[in-house]
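Labels for the chains are A, B and C, by order of writing; each one numbers its residues from 1.
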Amino acid sequence: MTHLGVPKTYKLFIGGAFPRSESGRTFAVRRADGTLAANAALASRKDGRDAVVAARKGFGSWSRATPYNRGQVLYRMAEMLQGRRSEFVALLTQGSDAGSDAAGAEVDAAVDRLVHYAGWTDKITAVFGSANPVSGPFFSYSAPEPTGVVVVLAPTGSALLGLVSAVAPVLASGNACVLLTDQDPCVAVTFAETVATSDLPGGVLNVLTGVLAEVAPHLAAHADVNALDLTGADPTLRASLAADAADTVKRVYVPAGTPDFTAPPGTARLRAFVEIKTVWHPVGALALSGGTSY
Amino acid sequence: MTSALTDPTEAPSSGDALPSWTTDVTRNESSLRRFLAGLPGVDPVGIEQRAAALATRSIKKASKLAAIDLAIAMVDLTTLEGADTPGKIRGLARKGIDPDPGTEGVPHVAAVCVYPDLVEAAVEQVRGTGVKVASVATAFPSGRSSLAVKLADTALAVRAGADEVDMVIDRGAFLAGRVGLVFEQIQAVKQACGSARLKVILETGELATYDNVRRASWLALLAGGDFIKTSTGKISPAATLPVTHVMLQAVRDWREATGQLRAVKPAGGIRTTKDALRYLVAVREVAGPQWLDPHLFRFGASSVLNDLVMQRRTQLEGHYSGPDYVTVD
Amino acid sequence: MTSTHLDWDYAPAPESPAIGAVRDRYLPFVDGVFAEGRGPDLDTVSPGTGERLATVSTSGREDLELAVAAARRAQQQVWGPMSGAERSKYLFRIARGVAERARELAVVETLDNGKPIKETRDFDVPTAAQHFFYHAGWADKLQHLGLGPDPAPLGVAGQVIPWNFPLLMAAWKIAPALAAGNTVVIKPAETTPLSILVLAEIMADADLPPGVVNVLLGAGDLGSALVTHPGLDKVAFTGSTAVGRQIARSLAGTGRPLTLELGGKGANIVFEDAAQDQAVEGVVNGVFFNGGQVCCAGSRLLVQESVAEEFLARLQARVETLRVGDPMDKNTDVGAINSPAQLARITALVDAGVSEGATAWRSSCPLPERGYFLSPTIFTDATASMRIAREEIFGPVLTTMTFRTPDEAVAKANNTPYGLSAGVWTEKGSRAMGMAAALRAGVVWDNTFNRFDPAASFGGYQESGFGREGGRAGMAAYLRTDDEPQLAPQPTEAGA
């Protein structure tokens, strides 16, 4: 006697919870052979708004967390992803013609990518910051700080590795993220479930599945979004979203070409979503020098 | 208003009623210490940069001549050497009365400043000229003696006719936190001064921080000092612009708090006209134009007078003067 | 013999305009040559007097094409291939040249811009020289920037700079661009074209190869044509947020790197335990430096309620001592507003503040009868929703609000779409550090304000712009830094 399976409903991930789309809309995800794999939530403009609210809240605690803590959480995400390896292999093979070897390699690479960024969290300030030798009696330093709420359009063609490669650097420096994907929603939402069990505070990562062209313009224009990663958009959409983003002077990251996520990632994505803050503090002479300290 | 300020007998003195909060804070040593510690801090970099910025003020033409005259009139022409003699004092006094003989309109200095045993010689010389006699006292310059000796020293100067007494505070006691002791000693010396005006030398070079300069300034003002004075001239650094800024802020704030006008005297290290004018700019900008008055601001100096005289001639004659054309006294 | 209370005040101490050696007519600098532009002539006015200072020949579209082509040629044939060590020597030469002609530059800048000679002499010009000197040193050390082993220049940079620090902004823009191996087409503001032309002379005298730096003259339409020119590889703009938005919009989808240094509404936060006298100085310097015509001005004073009354009294007393007037007088603290248009904008916002119910206090310092001047103004009783508390005034106008607790101060300071600067005044070290971390601003000054150095990166959060100038981050803005690995371009169908 065979056991009748219990199919999963793929919902959105907002503020640490898994709500349906407020619009009630879903769309069908089909296997390579055309059979129904699942129904996924089709995110709306209002879901986007809710995700931004959640992300802003998540940003508060995540940006203040110690880099060591952020590193541990990212490493925990790698552990959780490793534990779900077979589930992701199954998902990656169901939606495409990828073989299980290739799918396994993608999951392994995604795990390694998270570990890579887990090790970055407590280096970013040292590598991209500086003590500034200013000409005056001041201690001046410049240090990168997270930009804020970053909307990431998930890269195409690399459902798990591309997603992880885009999200991890955003999170590593302390940003909160709203991930919008029109790629395989099953992979994205299952990744959200992985994240939900990784000690990442609610709202730091939010996942919306749906149609980029429908939701992204609202996020690009949203005044409480600080930055956009447009990797997942086509050139036309990139141009219109960048134009939408101009009204609130958002930071916009567009890769120079088609990223090769299988290669070591470089630092461009890490540097794209930080703000260099310079702080000045007087250094007083320890005696009444009469002004010789300057 | 100006005449009242310039006449010591009519100026507000520490004998006037002080607001009642001053009684509260001076009730005992711990209340005094708490008050002084509660004064706003001084950021050293900020005050030094402000002083440097003000020092770039440019004074030209008629203003410069007026400023030089004012500076001359503010000089406490000083000699404080073991080798001082009545003859030396006589020369100094003549110089103070008429800094540039043969030139019209040069003001006399504010005072000559000498050791107590030479006050008498100085008084004899300056009588009727308007030049005052100031005397250091209280075991100058270290202040390391008993209160009885300090009071006797003061009495000696006052009896000999000193118009002003320049006392030193016990820096050791101040740095050890015994502010009550310092307060009482200033009060006692003030009493011993009678009608003589009291200058309280903080010896800022030994206080080491601007915060301490501010606290010591308030301590001296609370205890009745008519002047707060930077230095004995025996310790380096002596007067500096930023230290003087802090003290000018103290008298400005003291007036705000009590309505009384008290005076400031930087001493030591002011050698050139340029130095002196920078101080006058600081007086004007920090305390206010009201303090541009020999009653409320003095320079403790000696060599600066000749430079002021030379620069004054340069202003009038249109060419530079030389040291052989002013007297060495 | 008068022995008491001699009357004394400052007499005017004017710098001589002759030192500026201002000529009657100035020309754009393209491809190493000062030549007549194809645009209409434009008069530049001295804000201190309101009188014509000089006439400049402006650039037409054809001049823009020539300049971009010259810059391209110079980048590809000369400046790009040149060794970093050689580039660095040119920049050192320029630094020296600026220092040697410092007094002339200070006078020209003051005459053309209206800011006090004290500032141009002690800040604008020496800091401009320092920027060239600092960046000169980077030219042969690009591999040490932390951007990979061999960072490449972007190519031709189009730069548009504002009128508030004409020479210094030119240095901020040109020095890093050149150090990185780029060439430059730059346009100064139409009200302040002169000092950059003296700088162009210095560069020509330094034998900088033709086309490496091209200076176009003209108004906003030329600037707009420049920044949208398809022949550029990099655009850098300093100016208003409104124009910055337009530029970002017009460059959307081009992938052209952009640096924007835009407006601000900086908060200067004074705690009850601050060194009060220095805080007063810092607030004064924060909003009256360059007459408040500074993007990072501390135009919002947030003072702790417990000391607000006393602090404001001290502040007003101090502002009363500011000498407003002839910019050429060495004793002037606050000079002229740059243009009648800017004066009108400031006045309109001040009027709005009054009509919204804030109390305006104005310094009683007499203003000159000619030229464009405004009394230093302090608004009290302002509330967060008033225009004077939200909009950049860009003038000698301070808006004062109070707070009770540190977190309230942070909330109020961060309550703005801008994020360029902030000041914190407290003697408590832990609080200073905590505030510096919590303030969302690109530069935070603890117990000081308006300090700048080429070694310290400068730039904004949010609508104050993006990208940095100065320091390593400033160099990164002029180099190819996208080190993300890319897939080889997909073969076409035909080739497959």
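Simple rule for what comes next: a contact is a pair of C-beta atoms (placed from the backbone, for glycine too) under 8 Å apart; a residue touches a chain by one contact, two chains touch by 3 or more.
Remember, it's a predicted structure, so these values are computed and weren't measured experimentally.
Student: Please give the pair of chains with the highest number of C-beta contact pairs.
Tutor: The chain pair sharing the largest number of C-beta contacts is A-C.
Student: Kindly work out which chain lies most centrally, taking the average of its C-alpha atoms as its position.
Tutor: Measuring from the global C-alpha mean, the nearest chain centre belongs to C.
Student: I'd like the Å distance between the centres of subunit A and subunit C, where a centre is the mean of that chain's Cα atoms.
Tutor: From the centre of subunit A to the centre of subunit C is 35 Å.
Student: Let me have the rounded angstrom distance from the C-alpha centre of subunit A over to the C-alpha centre of subunit B, please.
Tutor: That gives a centre separation of 67 Å.
Student: Using Cα averages as centroids, what's the distance between subunit B and subunit C in whole Å?
Tutor: 44
Student: For subunit B, which residues are shared contacts with two or more other chains?
Tutor: 43, 45-46
Student: By the touch rule stated above, which residues of subunit A touch at least two different other chains?
Tutor: Residues 138, 282 of subunit A each touch two or more of the other chains.
Student: Provide the list of subunit C residues touching at least two other chains, using ranges where the numbers run on.
Tutor: 447-448
Student: Show which residues of subunit A lie in contact with subunit B when the two form their complex.
Tutor: 137-138, 282-291, 293-294
Student: Which positions of subunit B touch subunit A when the two form their complex?
Tutor: For subunit B paired with subunit A, touching residues are 43-46, 48-49, 51-52, 204-205, 207-210, 213, 237, 240-243.
Student: Residue numbers of subunit B touching subunit C in their complex, please.
Tutor: Going through subunit B, the ones touching subunit C are 2, 5-6, 40-43, 45-47, 50, 56-64, 66-67, 69-70, 73, 105-108, 110, 130, 249, 280, 284-285, 289, 292-295.
Student: Can you check the complex and tell me which residues of subunit C touch subunit B?
Tutor: Residues in contact with subunit B: 1-13, 118, 122, 273-278, 281-282, 321, 330-331, 427, 447-448.
Student: Note which residues of subunit C are touching subunit A in the complex, please.
Tutor: For this pair, the touching residues of subunit C are 130, 146, 241, 244-246, 248-249, 251-253, 255, 260, 262, 417, 419, 432, 436, 441-448, 451, 453, 455-459, 461-466, 468, 471-473, 476, 481-487, 489-490.
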